[in-house]
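Here chain A shows up in two complexes: once beside chain B, once beside chain C.
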Partner chain A sequence: MTRVGFLFALAYRSSIVMTCVTLVAQVFLLRMIWTAVYGSRAEAAGLTLEALLAYLTLANLQSFATQTLVSRVIHHRIRSGTVFFDLARPIGYLRQMAAFQAGNTAGSLLLLAPVVPVVLLVGSITAPVNGPGYVVTLVLGYVIAVQLALLISLLGFWMLEIGAVSLLYQLVSQFFAGTMVPLAFFPGFLGTLAEVLPFKYMGYVPAAIYVGHISDISGPLLVELAWVAGLWALLALAWSRTHRRVVIQGG
Partner chain B sequence: MAEVVRALRLYVLLQRASARGAMQYRLNTAIGVLSGAIWQGTGFAFIWVVMHTFPSLAGWGLAEIAFLYGMRLTAHALAMIPMMSVHDIHWVVRNGEFDRFLLRPLNPLVQLMGNRMGLAQFGDLLVGVALLAVASQNAQVDWSLSLVAFCALAIVGGALIEAAFFLALCSLSLRMIDTFALRVFLDDVFSKFGSYPMKIFGGVTEWLLTYVLPVAFVAYIPSSVVLGKLDTPWALAAPLLGVILVWPAYLIWRRQLTHYQSVGH
Partner chain C sequence: MIRVDGLTKVFRRPRTFSGPFGALRTLVTRQYEEKTAVDDVSFDIGEGEVIGYLGPNGAGKSTTIKILTGILTPTAGTVRVNGLVPWRDRSANARRVGVVFGQRSQLWWDLPLIESLRLVGSLYDMPAARFEASLKKLRDLLGLDEFLDTPVRQLSLGQRMRGDLAAAVLYEPPLLYLDEPTVGLDVLAKEAVREFIVETNRTGRTTVILTTHDLADVEALCKRIILIDHGKVLFDGPIDALVDQPRRLVVLLESAPEEVRGVSRDDQGRHVFDIHGDLPAMIASISAEHTIRDLSIEEPDLESVIKGIYAR
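Right, the complex of A and B next:
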């Protein structure tokens, strides 16, 4: 299944290449905007311009890497009925789909690799302040991203049309991940909301650890592990209920 | 002239039919409009959050950026609501459906445009007009009748600029050159770079976006005039550029049309 996901990414390479081009444009735009607003200010919200630009470059690369395709694929297979073959295989359905997503991500990353130097050049990068902390929190953030995508996909078994829901999810999660603005700048209520939601682990938290904006990683790490465990349990529960429903419909 | 009026009348009839079609799926239509609005809403939320901390972006305040953003968005919506179904041209050609258009006694481009309406673009229009309405009151503008007229013309002109580039790229599909990815990129450039003061990009990028791909003429130059940031007389002619560009775009379309070869069904 992982290999299928990998090949899937390669088969749709033109769309991924296009995404890479927009990624470069996005990073360039952000760099220009932030440089303009900083002007002669040395730092804001505890971030120097240099750290901020490195943050934005990383956060955008991460948002590409933590993007998930699995809900769209599942949706398509539910509608066309081919989901039957997935369910008939002797391996857990969610595990198959998670494997598919992992392979798909690996394929996208392979295509992204040549673009990374361009992105780093257009954006900006500094040496990592806490490299291992960055990797650990990012990997856990990726796990959360996949778990949430699977949870959204399960909705597809209940509702007929989830295209709009998954688009909405994509927009909201991107915004609250802090891909364009670090969470430190979110004012008032918006800031509290962004802090509580799990999306920050895909963007803000790892990138902020990388540039040294967050120095103590034990707190975020614990909460992240709790999210992974909680979502795991939720997924298992949701699937056992969904599964029964599918069986009833199929019978 | 009579030809144009007839085409316009038939276009309205086609769009009425497609609107009736869309209304059969009310929920889907509502969600389509809403998702367009939310998409643009999060785009502006970014600016709002940034400007919460930094009151000025290259000398532009929040209300002024909102005005620029609203102008760009309204122009975009006006361009894409009628043009959205031209996006499908590659499929229409590949399925041989385009042959049907050629047999009917109406300009094939009008038929293609009448296929369906851009739904998400109504959401764009909603957000664009709302931003314009709020920003025009909060920005320091001395509104006069002529300024309002200039604004309206500039929005139409901006829509024509975007439509012209879009149409020129779409027409290549008549010769089986797929430009879908390029069109998405074009849309991205117009929306990303057109919604901010060009000044922040500086140098080569600003020059390219003004004279090569005239994104600056869609909203940046007109809104600079309205907000009193630009005081050269030629800037008042900015809305004309759209009219000037649409003509060659249509000629390209006609030219590609004469080279059209059916896929043969």
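Right, the complex of A and C next:
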């Protein structure tokens, strides 16, 4: 299944190439805007312009790398009825879909790789302050992203149309991941909300660790592990309820 | 091999409403409507049999197959497939059955055919050597070589169906469910599919349950059929018994009398006699009394017999 996901990414390379173009454009625009906003100020909310630009470049790269296709594929397979075959396999459904997503991400990263230097050129980057911490928190953040995507996908077994829900989810998750504006700039209530939601682990937290804005990683790491465990349990519960509905109602 | 006893499946769905706020009412309603898709169905199928599982659209065929594959749980009744309860031992059962749905494909649309087959090999834990051996056999049998590396979306329907058959039998399941495997195919492609089914059944002692609307498939492949409609079994037995009826003589008489020899005129103005014994003598004696305008002899065939059963 991993292999299929990987090949799936290559089969749709034109769409991924377009995504890469979007990524370059977005990083470029963010750089223009934030440079203008900073003007002559040396730093804001404890971030220098240099760190901020490095942060934004990274956060956007991450956001594109942790994007998931799995909910769209699941939705399509439910509507076309081919989900029947997935359910008839000896391997668990969620395991198949997670494997698909892992392969798909690997394929996307392969296509993303040549664009990375361009993005870094258009944006800006500094040497990592805490490389290993960055990698660990990012990988866990990716796991959270896949778990959430699977959770959203399960809605497709209950509702006929989840296009709008997915779109909303994508917008909310990108915003609260801090790909446009770092979470340190979020005011009051919004800041608290962003702090509580898990989306920051896909963007803000790893990138902030990279640029040294967060220095003690033990706290975020523990919370991330708790999220992974909690979502794992939630996913198992949601799937058993969904599966019960499928076997009784025929989906 | 398969033992089904008193199988019943009732779907319970929220009542749907029409009208301006229909969708909303449907969403919040506590009223449900029940539909019995399969109603007290029982049958036994032995190893190596090829069964025609027939019925009109919506008769409950696919629901039965979904229960037998373990995807649906029944409302009542017991099922044993190879000694397993399909929905309880879902994973073990899945390894021992292959499924083809002619209307849907298990192949990945955008990838070359070989990749879907590789996926099946890995999902069913096939060791590389066994996978290669099985694939080689299927490549010869189904002539896959010419399109093995072509994306599935570019295949013709006949090629795609051959690919689906290959994916269903790759891991050599002892039981095969084929749901309309010849739907939409041209005569030659149908023939290829039938030959493949015969071959698989013969060499692997594979049990086949075949659902189809093409009775030529049934005549070519099945010795026994199970006929269902409205979820109930209407007939279960050898085809021979079903079509073992006398030939019939159909005559159109000039005078079109109400009744001739105890046979009354049908709605097309014809008289239909069962043929017993001497046919020329029968015709001679009718023409002695009436002027025959037209005459034909009907062989009993599966289609008309089945139509007759549905109409009851």
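Points worth noting:
The definition used in the following text is that the second predicted complex is superposed on the first by the 250 of 251 C-alpha atoms of A that agree within 3 Å, B and C clash if a C-alpha of one lies under 4 Å from a C-alpha of the other, contacts with A are read in each partner's own complex, and residues count from 1 in each chain.
Here is the rule we go by: a residue touches a chain if its C-beta (ideal position, glycine included) is under 8 Å from a C-beta of that chain, and two chains touch if they have at least 3 such contacts.
Because the structure is predicted, anything quoted here is derived from the model rather than measured.
Overlay on chain A: chain B and chain C fit together in the combined arrangement. In the superposition on chain A, contact of A:4 is made with chain C only, not with chain B.
For chain A, the partner touching the most residues, choosing from chain B and chain C, is B.
After overlaying the two complexes on the shared chain, residue contacts for A:186 are found with chain B alone; chain C is out of touch.
Within the superposed three-chain model, A:153 lies out of touch with both chain B and chain C [touch as defined at top]. In the superposition on chain A, A:104 contacts neither chain B nor chain C. Of the two partner chains placed around the shared chain by superposition, chain B is the only one that A:18 touches, whereas chain C remains out of contact.
After overlaying the two complexes on the shared chain, residue contacts for A:68 are found with neither chain B nor chain C. The superposed model places chain B and chain C at 90 degrees from each other around the C-alpha centre of chain A, with the value given to the nearest 10. Looking at the shared chain after the overlay, A:45 reaches chain B, while chain C stays out of its contact range. Superposition on the common chain A brings chain B within a closest Cα-Cα distance of 9 Å of chain C.
Within chain A, no residue touches chain B in one complex and chain C in the other. The residues of chain C lying in touch with chain A in their complex are 11-13, 63, 66, 69-73, 87, 90-92, 94-95, 97, 99, 101, 104-106, 108, 110-111, 115-116, 118-119, 122-125, 151. The part of chain A that touches chain B in the complex is made up of residues 14-15, 18, 21-22, 25-26, 29, 32-38, 41, 44-45, 161, 164, 167-168, 171-172, 174-175, 180-181, 185-187, 190.
Contact residues of chain A toward chain C in the complex are 1, 3-4, 7-8, 11-12, 80-82, 84-85, 87-91, 96, 246-250.
If you check the complex, the residues on chain B that touch chain A are 28, 31-32, 34-35, 38-39, 42, 45-46, 49-54, 56-58, 181, 184-185, 188-189, 192-193, 196, 199-202, 205.
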